[in-house]
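Across the two complexes that follow, subunit A remains constant while its partner is subunit B and subsequently subunit C.
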Partner chain A sequence: MRAERSGLREGDDEDFSVVPTQSPSQVQRNLESRSQEEINRKVTELVQFLLVKDQKKIPIKRVDILKKVIREYKDVYSEIVNRAGRTLQQVFGLQMVEIDTKHHIYILTSTLPRVEGENLKQDIQTAKLGLLIVILSFIFMKGNSAKDSAVWEFLRRLRVHPGEKHEVFGDVKKLVMEEFVRQKYLEITPIPLTDPPEFNFQWGPRAAKETSKKDILSFVAKMQKKEPSFWISQYNEAKANT
Partner chain B sequence: MAAQMSDAHRRFLQVLMSHGIMEGAEARKLHRCCCEISKAYYAQDKLDDFVSTINNQLQPLFMQIRKGMSEVDGRTHYALVNMAETEITKMASDYAENELELFRKTMDLIILSENGFASSTDILNSADQLKTKKMKKKEAEQVLKIFVDDKWLSERNGEYTLHTRCIMEMEQYILSTYPDIAKKCNICHSLAIQSQACETCGTGMHLPCVGKYFKTQSRPRCPQCNDFWPYEIPDRSRIDSQSSSRRVSRRELQSL
Partner chain C sequence: MAESDGSGDFFSPRGSGSARSRLSLPSASRNGSVSQRRQRRLSGGLGRPPASEKGDEEDEEEEEDEDDGEEPESERPRPPGSSEGGGDERHRRLIRNQYRELICSVQQNREDMLSSKSNRLTEALEEANQLFSGVSRAREAALDAQFLVLASNLGKEKANELRSEITTFDSLTFAEDLLTFMGINRTETEGNDSDSESMSGGYLPSNAWYKLGEEAEKYFRRAPSFHYMLGSFKSEPPMPRQRIERQRKAPGGEEKRAMPAQLKKMEESHQEATAKEVERILGLLQTHFRNDPCTPIFFFDLVVDPNSFARTVENIFHVSFILRDGLARLKLDDDKLPVIEPVQNVEERNDDHSARARNQVVISLSHEEWRV
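== the complex of A and B ==
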């Protein structure tokens, strides 16, 4: 059996970074050697695993899926993932989206039509998202990239300071530079050859998937009581993006 | 009459999942909103049917939307709970080993206590004796705050008890882990963390259940042994848990 698996070296069972590439007939044969019950159990485990990670907005690595859930069922990996995906869609209206095709990292996004003004969570999470949207707006209006000094200066005007403990957000610097980055809402990269080090702020892959330039522009327009078309280049860019 | 799963159901589930737990009134409002947004048929006052449809789909995943009662105000809450857990595994992926140990110690203190509360002093002292990895008082305070934010614990005047969501989520675990100590309410037969208990026979009841049960009685008596019920009966219209466990003095009893 081992020789039949292409892409998997002898004695490589513990290498969870590699998923065996198999033909559909191989997958079918592997499936038949497992009971329906066993496969169902794995699908359920995977669905629960994905939901728990996603509730914390932690991106899910394929490596972790294989190591912590799939384990010895690697040979029917694709079947388990497909069925988990169907369950997520059917029951929760969620789908797995790959945001990093090189390292195979996923997030869950809603497949339900987005509604304006929909509040997903009426507490600290909403406040954090509010801050995030403000930052994303600033970045977009500045041409999709902004220097950290500019971002902090902008937030200072909203009475949010990186050095001080904020009554709602606590350690704002940590929230913005670590939590938002870890959750893939922001991408913050150091600008080379700067001393003291300066950083470049951009939208992260999750931001691109969970909102749109059009939504952000209409948010800015509402705040400034103007029409979105007032900002010609951003308006055109938002239109081209949909 | 099992209805079909629709986007309205899915939207409701997504929102409930992100909250963890929702009060009855909030859940009813959400039911209406979800139906409106999806242009689905809205059957007023049929939230439980709506939830049943979702539960049919959640069943094979060992999850359920359950209804529970807050021990503080008696209000109904809806929570998404994981049925497969036999221990605190739901929390396991979210917290470090020593944080979980602190939570278990806090739970011990709460369940062993008379009034269902553990003082922060006692909890912080136990942080010092953790077997997994000791925790300084400052760190333990932060962890407690996270438990409160995540709705595992509730805090009142520097004392901690289990959040309604935690009780709903872990009722089976608690009843099986503390078989002789964890109390069940004599009226509704659910786990009771905060309760009033008869001094003679030990029969316990939730505060809101006490309020409901004794509403029409002028001289409250224990439903099991018929002795005088020695506590102040919580006023149904204004449940103030601050005073509701206060024992009524002999003079007050005699004047009833």
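== the complex of A and C ==
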């Protein structure tokens, strides 16, 4: 039984999969050969591993999970992952979301509804999110892709310059073009045959999972004190997206 | 068809003006065939009536591609011993610089040019047109062609925005609204720049981006970053517990020992300094009295430092030591003003020690009073 939903399911086999295909009965048998204690320990380790890996918001590869945590328990991999997912959900309100089904790469997202005024800790990550949301908004409102020159010109109006050291963000160019890309918030692709090279900015897979076109349109609408339906085609697109 | 000012006028001035100016190029300065071909293509493309904008743009684009390919060819080496003087060279350099500036300004202000409300693109085109009238050589013409590519790309985008159903998203006002949300302090006295691209002036507070980020979090389902409160990922549970207990016991004793040692040292140094000061003031008093034995000194004259409130307080502090030790006496004179006089003989001092009534006086001296 293969489900389309995100999260790990046993039987996730693609070309270079390290995990042998297992039927539920096989997994059961394998489980019986290990003690409950051992399995639980692995589950805990996996949960910790995922949480720490998520700190920097760099997506987590299944390959790493297998190599660093599961190791010799590969035969009960799916069971461990399922239980870990349950713990993440029940204890932390988080879920593992696959953003790359070919290479099996995951991120953690929150399943809890946001509560007003809940963020007591405002750190640089908060500020970076502010920068990110304006970039994502710009890209979406401009038709889901924008040229880098357009994005930087827009940011210039917000006193953010790629060449200058920003008092909050420091090396903004690096932040936008490297960090946000590595975290999969943005996808930046070079436009062929351009000299000097120009780039195309789009939403990255993490952005698509952590927010939505509808959310971003609401944000824009709130900033501009208009109804989201003011921008007809973006509104329709956002509606179709949910 | 509704035309915005910008793209509507795109073709007409360029077509008529440039066609004329280009045809007047002296063909002697370069390979005749190349220049003629270029001229024909350029004027042909631009002179066509804007019947269908879309059709025009596509042709323009094709031509631009070919044009770019042709460029290197038209850069023929000048015949040696050319009769052009230095003045001409300067003039050409000037033109090249102006072109580069124009190109740069167009690149920097894309959004402004694209805005359906602005005429900037047409203005830029007209400027380039004027520049072109002074062009006589391939190098400058190449820059002109580069500008043309840029302008036509923008023109295409502008037309696209007109055509499509995307409600034009005005990024300029969006930026302004964001700044407002972030708490920008717009000043009144902004000099009015003539170009519309001047950014709104004002002071952005340091928490601007944090404020925006806080709002942004509402639109994301981001997993909060997980951090152990107590330490690193690898810490083992049993060890810290023992260490904590041990640590709790140890500091108790050590600290106490450490404290007194420190205090003693501090007090000593303080005392030394104080003692010295006290002696000094006592010396002053005695000297003064020696000189003028009958006049007691007004207390305030002695302690008040007209230049420093802090010094004044310090002086009172030091004088109080003298009084405490019985080396001087504080009395109220006839006017009920405090006067101070040193105690003269040793015996008196000793007597006073035991019998003297110890009075405590609190002197309050505020900064205002001191100033007066």
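Rule of thumb we're sticking to: the second predicted complex is superposed on the first by the 217 of 242 C-alpha atoms of A that agree within 3 Å, B and C clash if a C-alpha of one lies under 4 Å from a C-alpha of the other, contacts with A are read in each partner's own complex, and residues count from 1 in each chain.
The criterion applied here is as follows: a contact is a pair of C-beta atoms (placed from the backbone, for glycine too) under 8 Å apart; a residue touches a chain by one contact, two chains touch by 3 or more.
Note that the structure is a prediction, hence the values are computed from the model and not measured.
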Kindly classify A:36 by the partners it touches after superposition: subunit B alone (first), subunit C alone (second), both, or neither?
neither
Residues of subunit A touched by subunit B versus by subunit C: which partner has the larger set?
C
Contacts of A:44 with subunit B and subunit C, given as first, second, both or neither:
first
Going by the contact rule set out at the top, does A:242 touch subunit B (first), subunit C (second), both, or neither?
neither
What is the contact status of A:110 with respect to subunit B (first) and subunit C (second): first, second, both, or neither?
both
With the two complexes superposed on chain A, say which partner A:216 touches: subunit B (first), subunit C (second), both, or neither.
second
A:94 contacts which: subunit B (first), subunit C (second), both, neither?
both
I'd like to know which partner A:134 touches here: subunit B for first, subunit C for second, both or neither.
second
Touching partner for A:55 - first (subunit B), second (subunit C), both, neither:
both
Note: overlapping subunit A surface for subunit B and subunit C spans 48, 51-52, 55, 92, 94, 110, 122, 125
Inside the complex, what are the residues of subunit C that reach subunit A?
107-111, 164-167, 169, 171-179, 181, 199, 204, 206, 209-227, 233
Flag every residue of subunit A that touches subunit C in the complex, lowest number first.
48, 51-52, 54-55, 57, 92, 94, 107-111, 114, 116, 119, 122, 125-134, 137-138, 141-143, 149-150, 153-154, 156-159, 167-169, 209-211, 215-216, 218-220, 223-225, 230-234
Help me check something: in the complex, which residues belonging to subunit B touch subunit A?
5, 7, 10-11, 13-15, 17-19, 37, 54, 57-58, 60-63, 82, 84, 90, 93-94, 149
Flag every residue of subunit A that touches subunit B in the complex, lowest number first.
40, 44, 47-48, 51-53, 55-56, 87, 90-94, 110, 112-113, 115, 118, 120-122, 124-125
